[in-house]
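Input: structures, listed below.
The two complexes that follow have chain A in common; it is paired with chain B in the first and with chain C in the second.
And then the complex of A and B:
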């Protein structure tokens, strides 16, 4: 009785796990398959295997430029978003003040805007102000959407922050700046780090906002889209794979850093003195 | 205490938040080297008072004088005082050593001196030396208390404040730490100002106790004075279970209890006493065989009995009024529920208090 129910449950868990893997990760694998063909078009089953398109893609100057633009935007967005989001999250979760709840709503609202609408609105706005679209305007557009997300991520850490820590440091003779540097910042660091990771990855993979606001500059997702509708080559899945792998590596690296950091903390490092 | 001038003087100290007066006209002198405890229920203003003393909150009016110098407007980081927080507020990203050395690092003292001082304090507080590199979050409750205390002592404060640091600790460890704290007070000779909601805790450690109620300091005295001579019903009830009878002066040196329609012999009333309460401690009430065995006697029925470890507590109903009688287990009264009994006490065992 019991064991048959147990078997049933185990079978269901396996089926569910398999379904998750098939539906969520297999398409990404399909991308790798599509990039590993030597023929011009994607035909399944693949008849001619090869990595010609990988070589061609890596050799292309145009692709290098794409990576540079995407990286530049993501890097700028990460730095600016983390700084603004950290202080936003502190105001959001650490301090109690009149108007806090309305501030929280206003800050978080952009998350719920459809990104294509937000992109269009920003395009019109930039035009009205007389800006020329470029990667800089795209940074701004990304920030509008990413800062709220980043604020939310960091605020989770801030909520669990004991304000008495700051008071204790202050009471022990630290100036406000020393309190921030010695206590607030290091204690909140795991949250800030996750926020930075989020900011980078969201900017790296963003398409709708970039589409409207990059002007003459092109990011990776934009290029992928353009190539998909006109001029498909297996270089498209190659780029897709590289871009996804890059994000995955970054994510794993981030996870690794967090784990090491946590282990070092709980082990009690002897970096003192 | 000593003949030295007080280290801390509070003059008409008041703190108002909006329309709420959290601390109301507090006057107090604290002697050098004293262990002073401020006791009060939550919301009595004791935390606000402490925060003003540490410089984390600023007084609305009145003065705080440290060795005669007004320090009202000095922020916490400029005051030569330090506090042990309720949550202890140990820095979770730092080791035991780094926590203790924090104030020394801020002062710019070199690492070698810092370490020497930290190890010295750890020895004094009976923390093993190899804890120096241990993460604070890995320490036990008692160890964390000691680290917090060491961190505060490293600052070399003139006054050490405590904001109920023992409130979250289990009973047995708390009792040990209370005694330890008193020992450390003795060893360091520093002035300790402690706040708690537990009068029991205050009794164990303090040289003097101040009881707060609704923002006011209602009584200040030695633990013995607070225990045996409370001036108000509030203070007498704060100590624990007591029997309180509403009375009025009867003009003949005694008091009249309208509730029972009788007069009681009472201790000498404070000057101008007209109405108040007669307080009799549970251990001062006794079961008597006849009306001549005590100066004041009431007749009632045993309602229930509770075993409290070394003591047994009885509830005796006299009309609607429930009296609490406590006896040591060895002296347990042989009665049972619903037995008719006589309970009595002498005037000298009771206390007259005002509202």
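And then the complex of A and C:
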């Protein structure tokens, strides 16, 4: 192989990817710039830099309430999704059973479904059952989409799980609960953790499902959407920047925790050997 | 007894919670939509005379235009994304080495910010006196027309929002191609193009097709792009459905439109998913 042509190709792939990343982050740049002006309207280049709108936005009680609702929904979704998805993932990837192949495809169906239509379908269904829409129905709606995603994320970890570990523990006289707590759970922890991170962030940022199922309660993405449609408010770029930065911090923190866990585990197994 | 024995096997037992949940949270709502599509227009109760009137109304209206827009935009999105994502997926598996995880994280992050917020960022970039046009004006004194609220920008918004959904399955697919097979082909004198066409592409196909399917299905259901970036220049089918459910207060009509959309999506998903061995794609066993 011609190595200079090869280097050229690698450079091209790097450049292409860099361009795509810039494309992905340009809108975030727009939000950050628009949030750091003191004027009522966004005119670029910015003449009056400042964080006045940050202060005004965070002083608002309405915004506090929005954050509380969004957090409450995301927290409930995370806890319920992780528990159900952990078992779902064991059935997905750990056990060999009749019907598994069909089961795997059933689990994927809600992911392969337009979310806005799913939101409306749930609205219809809740209505037929006589429920009033509130943050609780929104939790349920988020779960329909997030449990399958979470199951997939955890499954990827379960695929690399060696069932012999569990059998060894049973042979040594451990009870079912002990095996689950001392062997299965710790080994799968990085996957469970990523699953929880996904569940939380996807629920936090979800719009199409929340739109139809929150009723009188409002989440942050819904509020932003309403403000966007109504005309320009500098609070929108401020909150947009906050959600982007918040997600970035959580994601990096989560990644860091998983790296540390992996390091510690591989160090532990070296000592044992 | 034999049914009980089936249920208490470990696999089925662990699958049970999620299956029960999806029965109540996914299957039942879809059945409710199907049932609603047969009740008379503008009623809110399931227990009335069932008929095909809503479907007749749709076929006599201009709804097919919005259907065509949605399907066409989704197909264009898939085609553009295939070209954009393949080189990145290739890079993630074979070129970037230890930076691959970081780059993957960079592509994951936007998924966690609500899509309407990110699309709004594009408005700030492209609007008159925004980041792009403001810069051009102050530096070169050049004031081109803003491209906000055009068909092209709507398509760009869809490409932007669904990029990760194409990238990740494609990367899974590309990582299924064994390096030894590629090396062997090169050793036997195959050209770059031959290796791409006869080894890289066919072996990565399962992942690529899943990416196609996922992107297409999500893009057919897209609504925010046309609203935020398109300024209602394009009316997608989801918009018609939403209008029927909200302003028009005609749930049966909205349900019938949803059923037609579900038929398109469901047929595609069933055809494609049936052929795949998910263990091979996800677990690489």
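Note that in this section the second predicted complex is superposed on the first by the 250 of 273 C-alpha atoms of A that agree within 3 Å, B and C clash if a C-alpha of one lies under 4 Å from a C-alpha of the other, contacts with A are read in each partner's own complex, and residues count from 1 in each chain.
Definition applied: contacts are C-beta pairs under 8 Å (C-beta built on N, C-alpha and C of every residue); 3 or more make two chains touch, one makes a residue touch a chain.
Everything quoted here is computed from the prediction, not taken from an experiment.
> After aligning the two structures on chain A, examine chain B and chain C and state clash or fit.
Because the two structures are overlaid on the shared chain, the partners are seen to fit without clashing.
> Tell me which partner A:206 touches in the superposition: chain B (first), chain C (second), both or neither.
So A:206 only meets chain C here.
> Who touches more of chain A, chain B or chain C?
Counting contacted residues of chain A, the larger count belongs to C.
> Roughly how many degrees, to the nearest 10, is the angle at chain A when you join its Cα centre to the Cα centres of chain B and chain C?
An angle of 90 degrees, rounded.
> For A:72, decide between first (touching chain B), second (touching chain C), both and neither.
Neither: A:72 stays clear of chain B and chain C.
> Can A:164 be said to touch chain B (first), chain C (second), both, or neither?
Touch partner of A:164: chain B, not chain C.
> Of all C-alpha distances between chain B and chain C after superposition, which is the least, in Å?
14
> Which of the residues in chain A come into contact with chain B in the complex?
Listed in rising order, the residues are 162, 164-165, 167-175, 178, 182-183, 186-187, 189, 265-270, 272-273.
> Provide the residue numbers of chain C that touch chain A in the complex, in ascending order.
6, 9-19, 21-22, 25-26, 28-30, 32-33, 36, 44, 46, 84, 87-88, 90-91, 95-96, 101, 103, 105-125, 129-131, 133-135, 138, 160, 163, 186, 213-214, 217-218, 220-224, 227-228, 238, 241-242, 245, 251, 254-255, 258, 261-262, 265, 269, 273-274, 277-279, 282-285
> Can you check the complex and tell me which residues of chain A touch chain C?
1, 10, 12-14, 16-17, 20-21, 23-31, 33-34, 42-45, 84-85, 87-88, 90-101, 103-118, 120-125, 127-128, 140-141, 143-144, 147-148, 151-152, 155-156, 159-160, 201-202, 204-208, 212, 220-221, 224-225, 228-229, 236-237, 239-240, 243-244, 247-248, 250-252, 255
> Can you check the complex and tell me which residues of chain B touch chain A?
For chain B paired with chain A, touching residues are 54-56, 75-77, 82-83, 85-87, 89, 91-93, 95-98, 101-103, 105-107, 111-112, 114-115, 132-135, 137-138, 151-152, 155.
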